[in-house]
Amino acid sequence: MARYDFASDNAAPATPEAMAALSAANVGYASGYGTDAVSARAADLIRAWLDADAEVRFVASGTAANSVALAALCRPFEAVVAHEHAHIITDEAGAPGFFGQGLGLIGLPGASGRIDPTALDAALAGPDVSYRQGVAALSLTNATEYGSVYSAGELCGLTAQAKGFQAKEGGLGVHLDGARLFNAAAAGFDVTAIAKGGVDLLVVGGTKAGMPPTEAVVILDRALARRFDIRLKQSGQLPSKARFFSAPFIGMLEDGAALRHAAHANAMAARLAAAQPFPLAHPVETNGVFVHMDEPTLKRLHAAGWFAYRFTDGSVRFMCSWATTEAAVDELAATLGALRP
Amino acid sequence: MARYDFASDNAAPATPEAMAALSAANVGYASGYGTDAVSARAADLIRAWLDADAEVRFVASGTAANSVALAALCRPFEAVVAHEHAHIITDEAGAPGFFGQGLGLIGLPGASGRIDPTALDAALAGPDVSYRQGVAALSLTNATEYGSVYSAGELCGLTAQAKGFQAKEGGLGVHLDGARLFNAAAAGFDVTAIAKGGVDLLVVGGTKAGMPPTEAVVILDRALARRFDIRLKQSGQLPSKARFFSAPFIGMLEDGAALRHAAHANAMAARLAAAQPFPLAHPVETNGVFVHMDEPTLKRLHAAGWFAYRFTDGSVRFMCSWATTEAAVDELAATLGALRP
Amino acid sequence: MARYDFASDNAAPATPEAMAALSAANVGYASGYGTDAVSARAADLIRAWLDADAEVRFVASGTAANSVALAALCRPFEAVVAHEHAHIITDEAGAPGFFGQGLGLIGLPGASGRIDPTALDAALAGPDVSYRQGVAALSLTNATEYGSVYSAGELCGLTAQAKGFQAKEGGLGVHLDGARLFNAAAAGFDVTAIAKGGVDLLVVGGTKAGMPPTEAVVILDRALARRFDIRLKQSGQLPSKARFFSAPFIGMLEDGAALRHAAHANAMAARLAAAQPFPLAHPVETNGVFVHMDEPTLKRLHAAGWFAYRFTDGSVRFMCSWATTEAAVDELAATLGALRP
Amino acid sequence: MARYDFASDNAAPATPEAMAALSAANVGYASGYGTDAVSARAADLIRAWLDADAEVRFVASGTAANSVALAALCRPFEAVVAHEHAHIITDEAGAPGFFGQGLGLIGLPGASGRIDPTALDAALAGPDVSYRQGVAALSLTNATEYGSVYSAGELCGLTAQAKGFQAKEGGLGVHLDGARLFNAAAAGFDVTAIAKGGVDLLVVGGTKAGMPPTEAVVILDRALARRFDIRLKQSGQLPSKARFFSAPFIGMLEDGAALRHAAHANAMAARLAAAQPFPLAHPVETNGVFVHMDEPTLKRLHAAGWFAYRFTDGSVRFMCSWATTEAAVDELAATLGALRP
């Protein structure tokens, strides 16, 4: 049986804090569809953390959260620009197009998952033409797919570019995929820059942070909030028992557990990177370690019982999580060392 | 603060058995997207309970489960026939049309939520015409929205009608919304009739049965299973941490807790019906009690602190759940008695 | 071989004026996708006729024109209110839901195809709820499906109701299906009321007026015009050789042929109504005659070689067109007289 | 005013034969929605030309025809493989995704618009994974976007590869975009190979061949024909006055006009290629000439009054049509000669 310790940060169990909050919330009757007190409390904690006046909803999956957000920012004959290796482009089975009835996705280059601002400018240059979907939104990811982190300044810079596009029409909408936002924050990213920088819709990932399945959709542009509950209901994302999706955020936010766990995951990645005999494909800034490894070696790693994915850019990915132990890192490092003596 | 005890069966907390299974599953790493051992075990238990050879998936909401199922049975220029008060028609914000890109919903009459077989025949009579969506699927609900129960014979009869329509083209697909299937089973419905009768896609509700958010999608027609995981992923319904959706079914099925709790809910509804001073709008066969009550009286009930919905047919609904106590039933009955002396 | 003279106004050939304009436009090269001089001239004539500052596009079918318009006014989790027998509800195979990814259609009652203002008020009463699509648009038809005509005052009254709904959010969008707008105009409807009354999107029917397949989409709310060409292109409705769709409008508008032909069609319907032995189901205000006729009699009419449809409300419909002759009316009347001596 | 002679083959007027057939069809009443005698005759001629037993429908635009076809072959969570510069990928504003609710498009490389068979094999290698849309259809174009022609053998080879993929599941569906099929046929392509080779859905272009707006959808796999009229109606592509879309095919097919005109267009392209001072970007096999030209030179060409597009691959395109004259070719060649002395 393969070990999934480093396969993905979603292979880990939920944290004790998240589970305790779930149990604590599981008391008595509650009104449905997000109108309960648990969900209100979780939303407050998220607003406080982000220092943002926003509507907050809780949904079941990151794919749904991102797709609902993009559908709110784009009409079918419009397109989203994102990093060419963004999760919404490479790993969600075309969900944005499904939720957005064919909305387009335009991939931009950039080192280690960060969009190159020059590439963004180029994508936004030139007039609309009738035979191409017009750009309507920018999607960012922080931490990125490759574990790198946009600084607050970089994020605000890209957002400003987006808002400046066809400014008389209101500019692009901006979506931030925060599946690993806690990891970015633990690495120094100032999350209050999100609202200040003009992001319109943010997804704060619960799952990869160590919660049971849940993601927070943060509606920073309140004009987008109108009928959002109907939008979610129609998308199958307005849970009747919403407290089960919101409670884990209470457990993770009210005493800082989320950041503490994320910092641990980042530290484990740094430890793995330091012990890594294979060349790094990307700088290790959060909880992922990407290395160059040929296919026969990867097969031998699998044969040795460790599961790891070859990723979009061809590198092999090892993800750490709140549950990763130093012992497991050292055990993996030893195996890797044996594969590349 | 209003009491939600009888507002809906999804207002209750999760059962101890479901929560215990959740905790038990929250150990160690697991492979993602439903490939884990917990999900396999839960699927086995569901297959055994239904006596059916089927693929089983676990998703986050009933709206999504039903809509994904209908989209699998209907193309956009086709339609589903269902009871005119079915949840998919009245309460899901058009989700089937969203998932199915405009697929049609045709409502049929029938007493207390059960489709009248004559009305089904009438709906299927006549040739296809180019300006109307062609009927492609039948959607049944058991127990129905009004708490009534199709017997195995009735369900098989309707299914046979559906399969006989344009039989050389394969007949209609049949979907069964089992949001309250455990309540129907506790009331005597033989669930092994589902597979035998020819249902193609079944949704077994977890939420209303006393689980955290989860629904099982049971793919009885295995030809529909091809690429179903991609379908779910694109719909935002292939959870990475699937064990959190499947584990509760283990807790509820392995020692009969689900049926035991459903029988309790049904008994509480019978108790409330017996003590009910308002005239019943429907026979009480499972866990819901529907009564005739005018609007001023409903307002006074709300003012007395009890939340209850006026339903699609104009009656007022009281739902019992696994958590409903005899004391609460008696307390509500006393309040109702005071409202209608 | 059945006679289709009265089956529908789209059974007639195109008028000489439309065909002559088509031939006149078929000279030399032209730029594509509606940027040609012929399309510009046709748009000018339509603006002048309507006394409206609007963008105008030409598309191939009324179904597409209506559906594109509704998709521009409604998001998938919103709904359109229309007369319950409106073409968009009963005769377009769910096209609005297809183009609008499941947008809802809510049918309202009203005599002879005109929406009852009280019913509109009732439909707009009450708050949004998460499980029902929120109303976002009103769709009107003039002349209606049953040939009745809204006066300018009636149309403006309904539009004002729509604009007053949730006024702080901008009210409802208003769509006018003008498949038979020329017939309404010939019956006295003041078309300049359309822009003045606040209609946002108008479809002016070419086909039923006696043109080859073409419909004009008139974008009265210019904010909706942004990226409309991309919307049309993606919908398969931005013709490369647009002059073939626009030229017929030149032939029909520049010397009043459209109104002249519509007046003739209306007069033929009046003649048929006067000679009609069957009881009228609706007042005859434009070019359709609807009568009460039982099924055996309709079968005998078919057997006598005349095709006619039984309509949504159960009546049997006879449509007159620009090509209908007095002789044909008299011949049909004689046949009908023999069927009901 | 710019000259559009070579901007696109859809800039030309309709041929005399097509217009004569249109006028001839414009007589008397006709039943609607493609059930008329003119459409039946046109379908017969297309079947005879292709030597194929197929259903034939007539629609208004190539974008719609292609998109409806792809939606018939692919579900939203599936994808189409096509040449990376195919019209469906680069020039239709995401229409396939709109009609197909987010179906995916995967671009393959290959010289001059022809798919490289090795690239097709590579795209089909490997198992389905849940986070990527599964390949369900192959889309070919003949003549290609760059004017090159697949031989019958090449087309059958690619089709066989497609049918061999997951063969026990039925293989891929195959769509052929024949926007310029007459040009390919005039260049020697044997059109009877289409049906024999296993193409499932073919679009025969009318517009670029010199007809008024019309395209024939040829349903070679009759299993796909079920409810196709409803599909078309819902897509806004079932014209009530179908004879206006079908008649031009009669004029163009019954005496060989289509091929004669296509041969002329091809000959004009050969003449232009021979006189061309700029280096050719692709072999000239049909009616398009693609050359390498820098931007300042293209601007000077525009300034000299000739409109030409820079194409997806960076080359500049000149299209010839049935209406192109030798004099115009020589005049353009002289201008080009002056620009590159």
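As written, the chain order gives the labels A, B, C and D, with residue 1 at the start of each chain.
We adopt the following convention: contacts are C-beta pairs under 8 Å (C-beta built on N, C-alpha and C of every residue); 3 or more make two chains touch, one makes a residue touch a chain.
Fair warning: this is a prediction, and the values are worked out from it, not measured in the lab.
Peer 1: Please work out which of B-C and C-D is bridged by more C-beta pairs in contact, and write that pair.
Peer 2: Here the pair linked by more C-beta pairs in contact is C-D.
Peer 1: Hey, which chain ends up farthest from chain B, C-alpha centres compared?
Peer 2: That would be chain D.
Peer 1: List the centre-to-centre spacing of chain B and chain C in whole Å, with centres computed as mean CA coordinates.
Peer 2: 41
Peer 1: Express in whole angstrom the distance between the two chain centres, defined as the mean CA positions of chain A and chain C.
Peer 2: It comes to 48 Å between the two C-alpha centres.
Peer 1: Based only on mean CA positions, could you tell me how far chain C sits from chain D in angstrom?
Peer 2: Using C-alpha averages as centres, the distance is 33 Å.
Peer 1: If you look at chain B, which of its residues touch at least two other chains?
Peer 2: As it turns out, chain B has residues touching two or more other chains at 76-77, 92-95, 98-99, 101-102, 130-133, 230, 233-234, 238.
Peer 1: Over in the complex, which chain C residues touch chain B? Could you list them?
Peer 2: For chain C paired with chain B, touching residues are 76-77, 79, 90-104, 130-133.
Peer 1: For chain B, which residues are in contact with chain D within the complex?
Peer 2: Touching chain D: residues 33, 75-78, 101-102, 128, 130-134, 169, 226-227, 229-234, 238 of chain B.
Peer 1: Mind listing the chain D positions that touch chain C in their complex?
Peer 2: So the residues of chain D in touch with chain C come to 2-5, 7-8, 10-14, 19, 22-23, 26-32, 59-65, 67-68, 92-95, 98-99, 101, 207, 212-213, 230, 233-241, 244-245, 307, 323.
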